[in-house]
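Shared between the two complexes below is chain A, which pairs with chain B and chain C, respectively.
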Partner chain A sequence: MDWEFIGSHIPDYAAGAWVTLRFGLCGVGCAMALGLICCLLRYFRVPVLKGAARGYIELARNTPLLVQLFFLYAGLPRVGIRLSAEACAVIGLTFLGGAYMAEAFRSGLESVEKSQREAGECLGLTRWQNIRYILLPQALATAVPALFANVIFLIKETSMFSVLAMMDLMNVADTLRTSGGRTVEVLFMLAAAYLALLLPVSLLANLAERRLRYAGFGNQRSV
Partner chain B sequence: MQDLGISVLFRGVNFQRLLLGLWVTLRIALITIGISIVLGLLFGIVMMSRSRAARSVCRVWLEIVRFMPQLVLLYLVYFGFARLFGWNLDGEASAVLVFSFWGTAEMGDLFRGALTSIPRHQRESAAALGLTRAQINRYILLPQTVRRLLPQVINLSTRIIKTTALVKMINVTEVLKVGQQIIGQFYREPSAAFWVYAAVFLLYFLICWPISLLAGSLERRYHE
Partner chain C sequence: MEPILRVKEIYKGFDGNGVLQGVSLDIREGEVVVIIGPSGCGKSTLLRCINGLEKIDRGEIWLRDQRISDLGKDMYRVRQRIGMVFQSYDLFPHMKVMDNLLLGPVKALKKPREEVEAEAVEMLRRVGLADKAQALPRTLSGGQKQRVALVRAMLMHPELLLLDEITAALDPEMVSEVLNVVIDLAEQGMTMAIVTHEMRFAEAVADRVLFMEQGVIAEEGVPEEFFREPRTERARRFLQSFTYASARKRPRDPAGMPEDA
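After this line comes the complex of A and B, so read on.
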């Protein structure tokens, strides 16, 4: 292990990690919004749109991100739709992640007793108030572990951004590997960098899970 | 123009070539799933063993595969092992090794989850009814475990199939790579790339979707 080599290339990796993190979080945020929308469309059985949401979820969950990215980046320009690499990255991650997030939200909403929603309606809450104050708080508490698992999964998936010629962690490492021949050091740093990125997310997930465990109505889940 | 592009897919043996490429990924996925289920069962049993050391090893193993992108693991094995140990594994062997390493831990965790989720009173009531140990396993525990497990195992299998698309990155000529060869050959057709990538996208969907539907219907059926 050549520690001097490792020390001198930490800034390269930091720059790569910043790209990974920035576009990863961007995609994760958009994916959560898209997932929540799709999930609510299905939960409230909105005509037509619920079918569209279902179709989208199946399509996104059953195809690899790598193929989606190639399609966006190399396929679409041939029919006149040109997107920058960064746009492809965020769109691809949102497309994939939205479906996974929708499923996580759905399992959360399904765990909320139907009587909760009905009670809210009886009290004269509007549909939006019902979602905002009754359903979502309880559903989110249940969905937190699945949501965080998806966040980690999506940040890992950003390793495929290197095919878009973006200088993310993976591409930084690959460039160093092919130019320097210090394969072992390069890959060691790559693994360490992903660990450094994802460990805090995982700790945060544990914390959130513990804080929210008893948020369910009537404490039923703790038994 | 676009109706010219789509014809590239069916010119000569192009479509057969794509399917052959798809078979390469599927082969890797099937071998991986087989290995993962067998080793995963062992992994799950070890995770529940009394030995603290054995449990910690499994824990660390599981955390590694959860934290490391599969692509990083592929690079570690494909490029790193050659340097470190002088093992020159080819792309397919590296892929099977890496995906099995990942799949074993994930399967093992599913097995552990399913086994520990069965309430203790199930075993105790069966024993109180006078069932033998073998009967308890066969008639009480196994059916309940399988019900919880099967949808999850199928879901993980589709994830493994999708992940095998990554082997393109370590120079395995699979469906994406074949697609790019076809695009290169027919560079005169401006929209060839669009149709070829769309076809690859659709092929993956057609493989994974029925499997996901199966998992979904099993889940619903067992839920009742």
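After this line comes the complex of A and C, so read on.
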């Protein structure tokens, strides 16, 4: 292992990590919002839109991110829509992630007893108040492990951004490898960089899961 | 006097089963109506239809001078005036008792928090739960949870309170601590429709008893008469199912034996 080589390229990797993290988190945040909307449309059986949400989820889950990115980056310009690589990256990740997030939220919402919703309705809460104060807090507690798994999955998927010629971690490594040829060092640093980004997220997930379990709500229910 | 609630000839079916088959009912201000009957007779469905948790297929429901049976999305305003408590308590498990109590009055009725909080403290004290305001629901016993659920409904100051088998999930020794709260409410003049299997409680609290069977009100009367001398054979058989007779305990004297023994 050539430690000097590794040391001299840390700034490159740091720059790549910053790209990965910035656009990854942007996409993850938008994916959560989109997923929540889709999930609520289905949960409350909103006419027409619930069908649209269903169709979108199946489309996004059953096509590879690579294809989705190519479509955005190379396909859309054919019909006159030209987006920057960064916009394509965030939109693509949102499109893919929204479907996974929707399913995670759904598992949470479905774990909340129907009678909880009815109890809220009996207090004269509006539908939105019911979601905000009663359904979502309980649904989130159950959905936390699935949501965090999606976050990690999506950040890893950002390695596809390299096809958009963005200098993310993957592309930094690829460039170094093809120019310098130190394959072992380059890949070692690449793995270490992803690990450094995602390990904290994993630990945070464990912590959140434990805290919510101790709080004693979520899918455990005592009657 | 004009009734608070008028239920006119309502029908409700689930998957082709007629659960309510033409039920009519008036409830006057301050009246306590107890609905009894075998399971599956439609008594819970009747309560759920009244506050719109189930949509009726036919008929009308009026709350004072407003028809409430076809309000759709605006039903939440009516529900602010009708309280309901269920068998399964349905406290919100992620909120402390006090937050459970404040949610409806503060968010739905937009009342000032301090005012409701003071009232909630007083009501908790009255039902013997003064020290539980900051407890999480899962730390309470069933009887305590159900008393909290009653206080939660009462803090909305409903014009009508619906109680759906509120002691059915409780251990026997906790039943009376809950029903005593209900009897207090009746004495304060609360208008209530109560579904229950506790016959002695029904007799004590009811102004009027409705006996339902197979989706219709089969008999109706004041408790003194209904429980002593039901007019219909079906009600008689239903009430008998709550008494037990064992051959071991029958008198030896053949004269005291029933003819078919």
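Basically, the second predicted complex is superposed on the first by the 214 of 223 C-alpha atoms of A that agree within 3 Å, B and C clash if a C-alpha of one lies under 4 Å from a C-alpha of the other, contacts with A are read in each partner's own complex, and residues count from 1 in each chain.
Assume a residue touches a chain if its C-beta (ideal position, glycine included) is under 8 Å from a C-beta of that chain, and two chains touch if they have at least 3 such contacts.
From a predicted model like this one, the values you see are computed outputs, not experimental measurements.
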{"item": "Which of chain B and chain C A:Gln116 touches, first, second, both or neither", "value": "second"}
{"item": "Which of chain B and chain C A:Glu157 touches, first, second, both or neither", "value": "first"}
{"item": "Partner chain in contact with A:Val67 - chain B first, chain C second, else both or neither", "value": "first"}
{"item": "Which superposed partner A:Ile134 touches (first chain B, second chain C, both, neither)", "value": "second"}
{"item": "Touched partner set for A:Thr183, first chain B, second chain C, both or neither", "value": "first"}
{"item": "Touching partner for A:Pro47 - first (chain B), second (chain C), both, neither", "value": "neither"}
{"item": "Contacts of A:Gly75 with chain B and chain C, given as first, second, both or neither", "value": "first"}
{"item": "Which of chain B and chain C A:Pro200 touches, first, second, both or neither", "value": "neither"}
{"item": "In the superposition, chain B vs chain C on chain A residues touched", "value": "B"}
{"item": "Contacts on chain A seen with chain B and repeated with chain C across the two complexes", "value": "none"}
{"item": "Footprint of chain A on chain B - complex, ascending", "value": "2, 5, 66-72, 75-76, 79-80, 82-84, 158, 162-163, 165-166, 168-169, 176, 183, 190-198, 200-201, 204-205, 208-209, 212"}
{"item": "Of all residues in chain A, those that touch chain C in their complex", "value": "113, 115-116, 118-127, 129, 133-134, 137-138, 141, 215-217, 221-223"}
{"item": "Interfacial residue positions of chain A with respect to chain B in the complex", "value": "58-59, 61-64, 66-68, 70-71, 74-79, 152, 156-160, 163, 170, 173-174, 177, 183-184, 187, 190-191, 194-195, 198-199, 202"}
{"item": "Chain A-facing residues of chain C, complex", "value": "51, 53, 73, 76-84, 86, 88-94, 103-104, 107-109, 136, 138, 142, 152-153, 156, 169"}
